[in-house]
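Structures for review follow.
You will see two complexes here that share subunit A, one where it goes with subunit B and one where it goes with subunit C.
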Partner chain A sequence: MYRIRHYIRPEQIREFSLIFIIMLAVLFFGTQIDGYYSARTFNRIAASVAIITVLAAGQTLVILTRNIDLSIGSIVGFASYFAGQQLSANQDMHPLIAVGIAIGFGALLGSVNGLLVVYGRVPSIIVTLGTLAIYRGVLVDYAQAKTITTDMMPTWLVDLPRVNLFTVGEIEIRVMVGVAVLVVIAFQLCLTYLLLGRRLYAIGSNPDAARVAGLPARRIVLLAYILCGALAGLGGFMFLVRFGTITVSAGVGLELSAVAAAVVGGVNIFGGAGTMFGALFGAVVIGTLEQSLLRMPNVSEFVRDALLGLFILLAVASDAVILQQLRSLWARWAREARETPAAHSEKESGHAS
Partner chain B sequence: MPPSFKWDSLKRWETLLAVVLAVVVIFNISQSSVFLRVDNLVNLFMLHIEKIIVVLIMTLIIINGEIDLSVASVMGLGACVVANLYERGVSMEAAILVGLGVGALCGIINGFWVAYVRLPSLAVTLAGLIAYHGIAEMLVEDRSIGNFPDWFNQLGQKALIGPLPLSLVIFFILFIIFAAVLHFSAFGRYVFVIGNNREAARYSGVRVRQVKMMLYIMSGVIASLAGILFAARLGAVRASTAEGFELDIITVVLLGGVSIFGGKGTLAGVGLSIMLVLCLRNGMNLLSITGNTQSTVIGVLLIFSVLIPNLTQDFQGFWNRRRMIAK
Partner chain C sequence: MKKSFLILIILTVMSLSLVSAQDEAVVATPGETVNMILLPKFLGIAVFDQAHQGAEEAHAELQNAGTLEFLGPTQENSAAGQVEIVTTAASRDDVDAIMISNNAGDQLGPALEAAKAADQTVVTWDSPIPSGDSEDLFVAQVDFDQTGKVMADMALSILGEDGGKFAVLSASPDAANQNAWIASLQETLEDEAYASLELLDIVYGDDVTETSYDQALALVDKYPDMELIMAPTTVGIAAAAKAMQDEGLCETVKVSGLGLPAEMLDFTLNGCAPEFALWSFVDLGYVTYYATYLLATGAIEAEEGVSFEAGRMGVYTIEKDPTREVGLRIVMGPFSVYNIDNVEAAANPGGAEMTPEATEEG
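The block that comes next holds the complex of A and B.
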């Protein structure tokens, strides 16, 4: 048993438990809903999870540094509206430029948040509560009550949600899902192996120590906000692709879903702990519950939010209670291994042979 | 700066708020002759009365170093419970009592997780925000329940004492009670001490968990009461009643000079900030500025309320260094 702690950390057990929960949920819904195990179910859940995953990835970067970004719902709305407007004005714009516009616009709004937090020394919750209202208000004035509709869009964009990267049997891996998975993997690699990623954790676990150690904390937090805004911009473009019709209230409330996905995925709301895969699993759990409860025959659609809230609470509570237990168990194993080095090395050599 | 010079009193947050408020009031008077009339002032309050009632308890919770994002959902839930029970034939009086009880229950749930399990209040009340709203949706679904008894509707609309409707009377009474409790009672000192340093308070023998629990229960009951008053004013209840109010409520509290990190703030500042936001909205209405631009202005105000003191501090530091070098 001692050996386990060399390979697995308590936090990883918590992430595995999410996979277990997803499997349990799928098994449960399979007995309740006719034809649940179908490619259609998978595609539907995957499409709704993709956007939340991208947003939760950005949110995770910010939460890791012990900050929060409550404005991403408005950034998604503004970026999707702006990109849609540019596309309808220039029909032959290159798709990559369109994506770039959305991401760049999101990054711009994110950098405003970051500058205020870092150089204005305003608490992040105040800044992003303010910009949540400001970005939305400016969008409403900017849009002049006009709506972006599908028939204003070039045809490639309208067809994009149905384009498959590849298909496994009947399961279709759509472009949007591919983008979401790519984002998660890329940022997970950054967090694990790049200096920037390790510094995000360092700042989140102890801002003062990070500053004393000479980390450029201000620039890194600013960068986290810019990346979060950029990912919200990407999420906005995916929103535009998925729905085609963008009103001024596009993306309202997405900030709460993103925070919820990150928190369910084990990202510590006080910073310094959490992974991209955790955020992905969190988004999948929430997406699976949401989409499946929607199709439960005996459950009214109105129960959904009540169960979702309960689930988030349980996830946070399990963080505090179970993770604490696991950590102390790990610590005890480490202590015992130290006190009986002979027995431990014997075990290890025995294991090796 | 010589010490006899009383700059510090001018630099107080409340002073700044009062000056800005005076400017806005003078502007409003210049724009409209009816601004200072009693019915306009009553109307000014009544448009946002439910929010500003909840602002009072939110002030205590934020000073205590916590936050309650679920208040708007509790407001909606309280109203939906009352409407649902009334529709099933329960008398209105009993329904209101149950509604307040449900509010208290929500507060107990929040308080239990925050005070006893020590989970972050941001996460707990975020879950509460979603869950309580979900329960409200289960009760009312996508309908709108109305046809309340006449006395209930009049409660929200008709003047009770002089020109003041019931909810405004409740607001003023609660304001006085909370000001007394926060600034002149042992409980109020505990709220500040815990907000400053939870551990220090615990080692000094303050019953941290009870104080936090009390605050969350009060928050639940008052939010539920505000929701019921909102139902009485509108005459109908939907599941989305009061949705999104939490941001407005927290904005007003923070604008009143209460620190989001806890331990700092006065109810006088919050009172001024309530007046400022109400007058500002009224003034923008006079200029026919729409609701969305109004939210933008309030958002800018919220950020500037913290940004400007920080920047002046930076500038002063810069100036002092310059003078030192010149010497």
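The block that comes next holds the complex of A and C.
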């Protein structure tokens, strides 16, 4: 039993507890909503969380470094508008080039954020609150009140939300869902195995120590912002694909949804802890609650928002309590192991035999 | 005897027509100087840009030597931004009139009071000041009671004579105009002629694309026998139509409501939203400008029964606003209903602008 602590950290159990919470929620809603246990429910929730998952992944990179990016709602809006405009002007543009434009544009705006945070030495919350308004303001001016509409878009883009990557029975994995999962897996691998990933954690855990240890902290934080902007650009492209009609208010408020998904998913708002899978689960928890409450009979508009807030609080609070308990349990085991090394090893060997 | 009686009648009629001639619509005198501000709910949306176009058209027509400024806040900052703009305008000497599409409820009260104290004319359009205080006149886009009938008629036209079940996808639960339209729809449905229509539910998409899209799909899941989503909001109708298209539901669930031709073009052509309605925001801006110009130059007073001519749009008479306790209004109207036959012309601004001019010349 003691040995568990060598292989699993409490933070990892936290992700399982999120899965447990999702299961509880699904069990509850199943009793309230007719035909809830169906492939359709899965398809709806999966499709609805795809965009926010990509944004939460980007946000996680920044939060890990003990910073925040509040401007991504505006980046999503601007990138989707810009990509839509380029596509409407060049109908034959290759899909990958169109995606590239959105990502590149997002990365550009992200790098502005990063440069201001790193070299301007202004707290990130203030910088990105400022650029949130600036990017949106420039977009309003740039757009000249013209709306991007579906009839301006090439057919492949309008049809893309319907395209399945593959289907299992009636469960459909849409291309957009596939993209989101791919992003999460790719960045999780980066966080776990690449030097960059480890450095993000190091900077967020203790910025001063990281600097003293000789880590190029500025470059890494800048890179985190560029990547976050790039993912917001990708999210913008997905926004264009899903909704088709893009006005200057596209993506308003998405920054808070992304932060919420990351934090519910166990990404520490003070940096240094959290995973991509956590952010994914956070997005799924919120998406499941939102979509299920929409489908629950006799729940009014006002009650629904309150319930959503309550459920999120419950999820995070119970999660925190569980994590606290686990941490102290781990600590106790560690202490016991130190105090009675002989007895401990005997016990363990006893178990083994 | 008979003859003199006839003469008497003729005389009476003539004198009556003389009296009414004195009461005839006031026509604006071009070339006066009125500095005006057109203040939309927020910038960057096609409808408000169209209202601006209409105002510019009237501005040129009336050869106003003054300025027409188009000032507005951003969407996130709409209410606070409107208050700020009106407050600044009230302290400026070079502003004679403010035309505002109110998005700040009664919060604009004090700022507008200051504007009135500075002798500025305040005309609301699209969305009035709920209390009716501190505004001279409200230019209503349509008669709110008519909206319900237009929606019910479109529902019947789409679903056929045997009717069916439908749901409403609105903007936010506290939007005054949305609620008035839905109430008018519910009232209309009580009429025998619409007995075959059943309203299942009213949901709110907050005029946010994502929320409206999700709400539309939730309606489909909640009510398997629903055949129509009625969205009296341009954001909601486009999002709902896209959702039905993405899920391949256009054959079973149709979308209708109030929408912009340019945004709905694809969905009308492919049958997802076969019919929808809207008024012209260009005309709304145009009429608003005329009313404001006349009020600001003192040609008319904001009083019940006063008539004036608003250029190409014809004659309007100021009346008491029945939708508010206090307040005067004129009603522009009418609705344009769009379907596969006319949506393309309306979506292409060049084509749409041509029509009224062509009829005038012909």
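Operating definition for what follows: the second predicted complex is superposed on the first by the 332 of 353 C-alpha atoms of A that agree within 3 Å, B and C clash if a C-alpha of one lies under 4 Å from a C-alpha of the other, contacts with A are read in each partner's own complex, and residues count from 1 in each chain.
The working rule: a contact is a pair of C-beta atoms (placed from the backbone, for glycine too) under 8 Å apart; a residue touches a chain by one contact, two chains touch by 3 or more.
Note that this is a predicted model, so its numbers are computed, not measured.
By the touch criterion defined above, A:Ala145 reaches subunit C but does not reach subunit B. Contacts of A:Val158 after superposition on the shared chain: subunit C is touched, whereas subunit B is not.
Judged by the touch definition given at the top, the superposed model places A:Ile125 against subunit B, while subunit C stays out of reach. Of the two partner chains, subunit B is the only one touched by A:Ile134; subunit C is not. When the two complexes are overlaid on their common chain A, residue A:Leu116 makes contact with subunit B while staying clear of subunit C.
Once the two complexes are overlaid on the shared chain, A:Phe302 sits against subunit B and subunit C alike. When the two structures are aligned on the shared chain, A:Val175 is found in touch with neither subunit B nor subunit C.
Contacts of A:Ile322 after superposition on the shared chain: neither subunit B nor subunit C is touched. In the overlay built on the shared chain, the residue A:Gly244 is in contact with subunit C alone; subunit B does not reach it. Once the two complexes are overlaid on chain A, the subunit A residues touched by subunit B in the first and by subunit C in the second are 133, 136-137, 140, 302. Subunit B makes touch with subunit A in their complex at residues 67, 113, 117-120, 122-124, 126-135, 137-138, 141-142, 239, 247, 250-251, 254, 260-261, 290, 292-296, 298-300, 302-303, 306-307, 310-311. Against subunit A, in their complex, subunit C makes its touches with residues 43-46, 48-49, 74-76, 173, 203-204, 208-210, 213-215, 217-218, 221-222, 235, 238-239, 242, 245-248, 260, 262-263, 265-267, 269, 347.
Taken together, the subunit A residues at the contact with subunit B in this complex read 68, 116, 120-123, 125-127, 129-134, 136-138, 140-141, 256, 259-260, 263, 269-270, 300, 302-310, 312-313, 316-317, 319-321. Those residues of subunit A that touch subunit C in the shared complex are 35, 40-41, 44, 48, 133, 136-137, 139-140, 143-147, 149-151, 158, 161-162, 242-245, 247-250, 252-253, 290-291, 294-295, 297, 301-302.
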